[in-house]
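Both complexes shown next keep subunit A, but they swap its partner, so subunit B is in the first and subunit C is in the second.
This part shows the complex of A and B:
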């Protein structure tokens, strides 16, 4: 390319800086897509690639301590084994019990606490911070702390229950398959309810006071106001927080790992813990990945149906 | 002196390059890291003393220790192998060696070890723990000898002789159990870590586990062993009701706080027991004999090299643990047996009666099972199946069936 100057001489086009090239590009319709590239690369690298790789692993033989078996493609072998595996079905059942009970318990307790803290009373701000404390505790710390509190020899809970006459002797909560899940759920609900309390409290603060005043003028009592004003206004937050919490409960076996290790006799074994044990104790990455894929699909289906159901109700 | 922004950024960018300048302080010291799963204060004190002695002898090699909790040790090692971020050196218990070698977590150092001046000091058994497929992957650092603690004062009170067989053990457990005093005969480890005792009892009742790489459990003998062990809770009620979930901490607390009369563990817990009970209150015994064999494990805990990038420095470190000075320092802090028989002749061991049971055990003790997949099978099959018997959800026979099936799957 060349340009002609004012005297009619032909001169080469001056070399443009890279900044100039970018400036030109920014004027085009593709500029927005270029701006998305860094974020896209990051997402591909840290989200999509590991997910796809993990799914691919579930179709391959991958036992880290049996590399002699190779790492070839085995098709649906792990999924077939999974269908015939009674521990998988037990874990699935336990996962549903664990997730539903913990989520409902945390939601109800969180809602009650949020409603309480929404009142403008002296000292409630301090109480709000204190109530959030369990959520700040890492799962590992909370698990060990409760393991000690529920200990059949040294635990303060047994001591209190015996003193008030509810128990005649100390109970080994985590050694009894009829009680182990319930005791672990108590710990999980205690640990997780501030999550709901925090989000719901934020939602309650955002509800316009006019709505309550209008309802009161129409003769609505506290329960009616709660049903027709508070709950509908909180619905979006409830839906979002339940989805987030269910995902977290299904995926994080740490509290159960610390309190029971899935026992006694697998009575508290959940799918995420089973997958963890398959990978980290048996080094069977293929089977562990198949379990993880099943969890992934179940969570996708749940999230889709739940959000859709919530929208249908709204309509 | 003032810097503009360009100079400052340039200086920061150049900083890492300074380490590459020959002769600089960065290049002089070989730094290696060491992963271990020590947990107690005494173990840490022992480690500190060994590190201090090493620093004095090898000032040019800086060792950085990193503690990984034992239950997460294999997870962390697995992640490190997968991510190619292995430590230079690491602690390995014999029953994990097979899995670690199979996943590429340990480096073959056979030639180096055979050329090492202290190689001949060790009995052949000491090397079995760190040998996989004929290759040696580490040097024994110290030894755990399984034994039993018992309440000497309670036994004397009841006029019971210390048990030598499991039949006598049961009899003593029944006699010493007194629910009104919240006293039980034995601390049964039915929670985390309890699987190895189940396997030991199965062998003590005469059943092998694996022969020539194939499942070899004798169903009848194994069932009798599992039934005997579970009935301590389900029938005789001579163990605390918390047994199905009791791990190391719980069984030791039960013994230390006067809830149980006997507990099986290894020499590594001696300092903890000594700190809690007076010498006249407790004694040590070899593990009782079963109907077919007396099974007690002598576990050589060795140090291996995971990442061979700094092989020379790493070898210096793992060899150092076998030297008399650090071995005795470690013994003084922890009570752990030196791995070298030569060092174990130290009179602090031979003249101390509390070590008598351990010294006796070394004459018949055997290594833990070491086939590939043992750790996973014992932890994810043996333990939960045994727990189900403990809580009355299945019979011993059903548990053994599941163990046999699980073992076949693990070996397949």
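This part shows the complex of A and C:
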């Protein structure tokens, strides 16, 4: 189409701006899909494609420091090696101890904090902000702050425990295989409990007040009200937040990598850390991938069963 | 009368106990930060002493000067800033569009997509890191700040989309409908009506993503190999391991790196808490 101007000259139509073109596109029925294209392309490129690739890698040989081995298909070799690898079984056991203890500890502490803060007394707004702070601190700093406090020679924790009389001499927490896991768990619980406090407090605030009033009229004491009003009302949030927390506890070896590196011995080696060290230190990409795949499958099975179980119990 | 008296008395005792409990937990939460700050202010000979000094006898900023001028800490911080801003830019543009689509339109596959964005969070970092390392090496993105930012979107983009969902859902549909009746295109309604209403939420979400990217350690450890792109958490960790970083400098480095986090957190914590909890409470 062309336009004839007043002087009789033919001019091309002024090109419509690209913004106008997008506005037109927004009127088509596929607009929602267009909006999703960038996110889908990105997720496909940086998550799904690498994941499929990584699963494939677990059936192949790949060691960056042994390129002579090639990258051939080796079938289930890594998975068979894994079943016979005592460190794998130890890491699996440690993963369960680590995840369950940290999650239960964080949940209980978080619930206590939420119940307390929900009393909305003077100063609690400020307290809530301060309590949330550890969750936003980087793993590296959180780890080293605690390493400074738990140091065998100069740590303040040792100093305080000796002064109070609980300890007779300073203790090298992270050098003792019996204590390293407990010390790391303390750091993890400190780091993670605000997550539960945050979500559970929001959940508590959403409980309709008349439920409590009705229970009080029926003569229910504080414990009965907690058992029959608060807990059932919080159940969905507890279930959801536990799944999210377990996923990140199982998946991220950061705190242990920084504090202990899996030691002493292998007393704090968890599966995600073992897989990461296989790749980062030994450059054994094939075996590392097999470990990661096992981790992923276990996590999927857990999440599925857990959510199913929670739903069954609701009925 | 006596009954009312005992009630208010037991309430007063309960309140007092709650105060004690809450402030004990606050102490537990912030003591490590305060302790690191105190250490960062002490000269090295006052840190390594026979008897522990709780309150610094002498205060010095030596440690801050040391970590800033005698190590590559400024470069590390610079890399972290570039990587963080890139991550936030990618997540904000891509995530806002996607989140808008899934909350404000109804279309086939919508629920499936929301599930996809949720399940993606379940993927172990290690499982993605291995192939990403190889793929990025092939594309020349290994050891680059853009490559690292892209890697961060693997876990931060889904979080962004879910968090923004709560804010978009809070905007009534009527406003958009009214704009449409007035002749605005869907794009116009989105840009001129809905987006301005969620600016607060958008900022809070972006800050949350920024903190996540700023703090990230594992991807950065694997995907950066030189000072050209290494971020501060990796750099600090390596300094501790390789150069036996003195305690004062380590504490000072830690404090410097968490100051931006604390400032950002303080500025938008209210909106951020709302965004983080909106989804949980509704469902």
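Just so we're on the same page, the second predicted complex is superposed on the first by the 272 of 315 C-alpha atoms of A that agree within 3 Å, B and C clash if a C-alpha of one lies under 4 Å from a C-alpha of the other, contacts with A are read in each partner's own complex, and residues count from 1 in each chain.
Note that in this section a residue touches a chain if its C-beta (ideal position, glycine included) is under 8 Å from a C-beta of that chain, and two chains touch if they have at least 3 such contacts.
What you see is a predicted model; the values in this text were computed from it and never measured.
In the three-chain model built by superposing on subunit A, subunit B clashes with subunit C.
Shared-chain residue A:309: touches no atom of subunit B or subunit C. By the touch criterion stated above, A:113 is placed in contact with subunit C alone, subunit B being left untouched.
By the document's definition of touching, of the two partners only subunit B reaches A:176; subunit C does not. By the document's definition of touching, both partners, subunit B and subunit C, reach A:154. In the superposition on chain A, A:166 makes contact with neither subunit B nor subunit C. In the superposition on chain A, contact is made by A:124 with subunit C only, not with subunit B.
The larger set of touched subunit A residues comes from C, when the choice is between subunit B and subunit C.
In the superposition on chain A, contact is made by A:283 with subunit B only, not with subunit C.
Applying the stated contact rule after C-alpha superposition, one finds that A:260 touches subunit B and leaves subunit C untouched.
Of 2-10, 74-82 or 200-208, the subunit B stretch that intrudes into subunit C once chain A is superposed is 74-82 (criterion: clashing C-alpha atoms). When the two complexes are laid over each other on chain A, subunit A has residues 154, 279-280 in contact with both subunit B and subunit C. Of all the residues in subunit A, the ones that touch subunit B in their complex are 64-67, 151-154, 172, 174-177, 180, 260-267, 269, 277-284. Residues 19, 22-27, 31-33, 35-36, 38-40, 42-43, 46-47, 49-51, 53-54, 57, 109, 112-113, 116-117, 119, 121, 123-124, 127, 129-134, 136-142, 144-146, 148-149, 154, 156, 159, 190, 194, 198-199, 202-203, 205-206, 236-237, 240-241, 244, 247, 250-254, 257-258, 272, 275-276, 279-280, 285, 288-289, 291-293, 295-296, 299-300, 303 of subunit A touch subunit C in their complex. Contact residues on subunit B toward subunit A in their complex (touch as defined above): 74-75, 78, 81-82, 98-99, 102-104, 190-192, 240-246, 250, 253-254, 257, 259, 372-373, 375-377, 379-380, 383-385, 387-388, 390-391, 393-394, 410. Within the complex formed with subunit A, the residues of subunit C that make contact are 15, 18-19, 21-23, 25-26, 28-30, 32-33, 35-36, 39, 47-49, 52, 54, 90, 93-95, 97-98, 100-102, 105, 107, 113, 116-117, 120-135, 150-151, 153-154, 157-158, 161, 185-188, 190, 211, 214-215, 217-218, 221-222, 233, 236-237, 240, 247, 250-251, 254, 257-258, 261-262, 265-266, 269, 273, 276-277, 280-281, 283.
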